[in-house]
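Presented below are the structures under discussion, each in the form of structure tokens.
Heads up, the next two complexes both have chain A, just with different partners, chain B and then chain C.
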Partner chain A sequence: MEIGQIVIIGLISVALALMLEKHNPEWSMYIRIVAGILIFFIIIQKLGILLEIAKKMSEKIDMDFVYIGIVFKVLGISYISEFGAQLCKDAGESSIASKIEFAGKVLIITVSSPVMLALIDIISDIIP
Partner chain B sequence: MKKVKILLIGLLWLFMPVKAYSQSVDEIWTRQIESLDFSRIDQMVTNIKSQKENPFLQGFDFKDIVIKSIKGELDFSLGNIIKSIIFLFFKEMPAYFSLIGKLMVISMLSAFLNSLAESFQSKSTSNVAFYVCYMVLIILLLQSFQIAIQLSQSTLENMVLIIQASLPALLTLMMASGELTSGAVYEPVLLFAIQIMGVLIKKILLPFIFFTAILSVINSLSDKNLLKKMLELFNQAIDWLIKGIAILFIALMSLSSFTAPVLDGIINRAAKTAVGVVPVVGETLTGAVDIVMNCSLLIKNAVGVGVIILLAVYCILPLIKILLFFMVYKLTAALIEPISDKRIVNCISDTGEACIKLFSLVFTSSLIFIVAITILIGIGSMTLN
Partner chain C sequence: MDITIVFKIAAVGILVSVLNQVLVRSGREEQAMLTTLAGLIVVLFWIIQYISDLFKTVQTLFQL
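This part shows the complex of A and B:
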């Protein structure tokens, strides 16, 4: 029961953070970040299963896995970067958060460049 | 006694079988058919047969159809036609399921992305990811739409080729059945009109339809419907162009069908009167001329019917395929509407609209060609009476 673990981790970290809030606020912030990272790593193992399902689906409908793979990479990059940016914002570092978001966007565009090229190829193929 | 004998011999002689040198109608038309050159049409048919597996065309023999329609042996039961259309429809269907599957998987993925992105406060990165999903979807859509475009293009080209191959045979028969003027008037008009139509459709209408499809895809990229009026204009322009081509073609055909047959009637009557003036055999000869002309007319009409059947049989499969593409797009749009983003639904549904434009283009042009042949058949029947 991962959800039980996650909720327990969340609740304990909230309790600890509230306890430490008054005496040393920086420690409560570390606890928040560590809790976030822990939850993230528990969940990221499950994303692998999701990828397997998508692979099976794409095999069944006989679809080019390249595109599905790219879509999943993009999804992953967007989640991770959003998550990281969120953590930074929680810590009060919104400038670093915006840098992470920017990096995520650039990475998404570079990963998806084959899709864009294919699209341009198709359009230029059809229009005489 | 001698007189009786002579009378008897005379009577016997009267009852003797006498060879009459007249031919039955069957013989006349069989000979005329033998002398006709169907090689161009046959070549056309084998050419089309080799291109794709149309089950209707496999057993298609042009001469056979013509002879059958002369004898009145063609079986045109509506039930049979509908049955075979439905059979073709369901035979083609499974090939399109994978397309539905692909489109649905991509739109489900983008929906999945959207729902997860809502758990974060900022959506800037997930927006970029959405556009990547959208691009993959567009690639799938355009790839399949390209197949539909190529299909309609080759269908139109082949229909023009069929008409061009069958015109010489038809026009020769028209002239043989006494429609010299009509034949002479129609040949340039028909060839010109068909050529113009082919170029118009291939060079203007098809790219235009594709252009509109791409524009509508781009339009649904944003929520704001920026190009709405422009798309409306283009769609209307396509509709008017298709209608205009149909009207132009039919007007050209029917305009020249008013005067030429009348002139032919006059010429024929004059020929018959001239033959009838010849003493003793005149009457018989007029009858013979009539029979021969009527036989050519019969064959001409049969060849016309054969061409119509060939056209109908040929274009039914591409039409069904294009219709299936349309149904796939509309069905996918309907299925994903509850889960997916509005933009993706719009995009798929707009591609369906473009498909129905293709369908109407192919359908209208096949109808125009069939009407043209029907007019050609109709002329002869006007002349000879």
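This part shows the complex of A and C:
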């Protein structure tokens, strides 16, 4: 029953964070960080199973593994940047959060640039 | 990797805020500031390990 664990961890952390919010707001931010990391570590085994399934499917349809690897990389970058940006937003620093999101977008585009180049190659092959 | 770390942080936070208020009321602002700083560093040390675990796991899982 992972979902029960996750919901209870979330509720307890929210209660503790709200309790600490009044006197020292930075402590509630630490509780938020730790709750996010705990929930992530509960869910990460299932995420590993999902990625294995994606790999097997890509082998079955005879697809190049490079592209699936790029998709995984994009997933990881977006997860981490979203994690940091949400924490910054919760702490009331939305400007830093938007900068983190921007950096994540730039990194995603640089990681996925081989796919775009391959697409442009295909298009320029089709169009003489 | 379980919920006790959340309880630990909350306990330290409550303790530090109570100590802070007592020390401020009795007119020792410098010691209150030092108490807050000490609690902050302790909690940061706990959290840094968790954050580095998170980043390592994401790196290995998504092959970053």
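Throughout what follows, the second predicted complex is superposed on the first by the 125 of 128 C-alpha atoms of A that agree within 3 Å, B and C clash if a C-alpha of one lies under 4 Å from a C-alpha of the other, contacts with A are read in each partner's own complex, and residues count from 1 in each chain.
Keep in mind that, in the parts below, a contact is a pair of C-beta atoms (placed from the backbone, for glycine too) under 8 Å apart; a residue touches a chain by one contact, two chains touch by 3 or more.
On a predicted model such as this, the values are computed, not experimentally measured, just so you know.
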| item | value |
| --- | --- |
| Touching partner for A:I6 - first (chain B), second (chain C), both, neither | neither |
| Chain B versus chain C as contact partner of A:M57, first or second or both or neither | first |
| Partner chain in contact with A:V14 - chain B first, chain C second, else both or neither | neither |
| First (chain B), second (chain C), both or neither touched by A:Y67 | first |
| Partner chain in contact with A:Y79 - chain B first, chain C second, else both or neither | both |
| First, second, both or neither for A:L119, with chain B first and chain C second | first |
| Chain B versus chain C as contact partner of A:K105, first or second or both or neither | first |
| Touched partner set for A:I33, first chain B, second chain C, both or neither | second |
| Residues of chain A contacting chain B in one complex and chain C in the other | 75, 77, 79, 83 |
| Chain A residues within the chain C interface of the complex | 8-9, 12-13, 16, 19-20, 23-24, 26-28, 30-31, 33-35, 37-38, 40-41, 44, 47-48, 51, 69, 72-73, 75-77, 79-80, 83 |
| In the complex with chain B, residue positions of chain A that touch it | 54, 57-58, 60-63, 67-68, 70-71, 74-75, 77-79, 81-83, 85-86, 89, 101, 104-105, 108-109, 112, 115-116, 118-119, 122-123, 125-128 |
| Residue ranges of chain B touching chain A (in the complex, touch as defined) | 98, 101-102, 105-106, 109, 112-113, 116-117, 120-122, 124-126, 128-129, 132-133, 135-136, 138-139, 142-143, 146, 149, 207, 210-211, 214 |
| Complex interface listing, chain C residues touching chain A | 1-3, 5-7, 9-10, 12-14, 16-17, 20-21, 36, 40, 43-44, 46-47, 50-51, 53-55, 57-59, 61-64 |
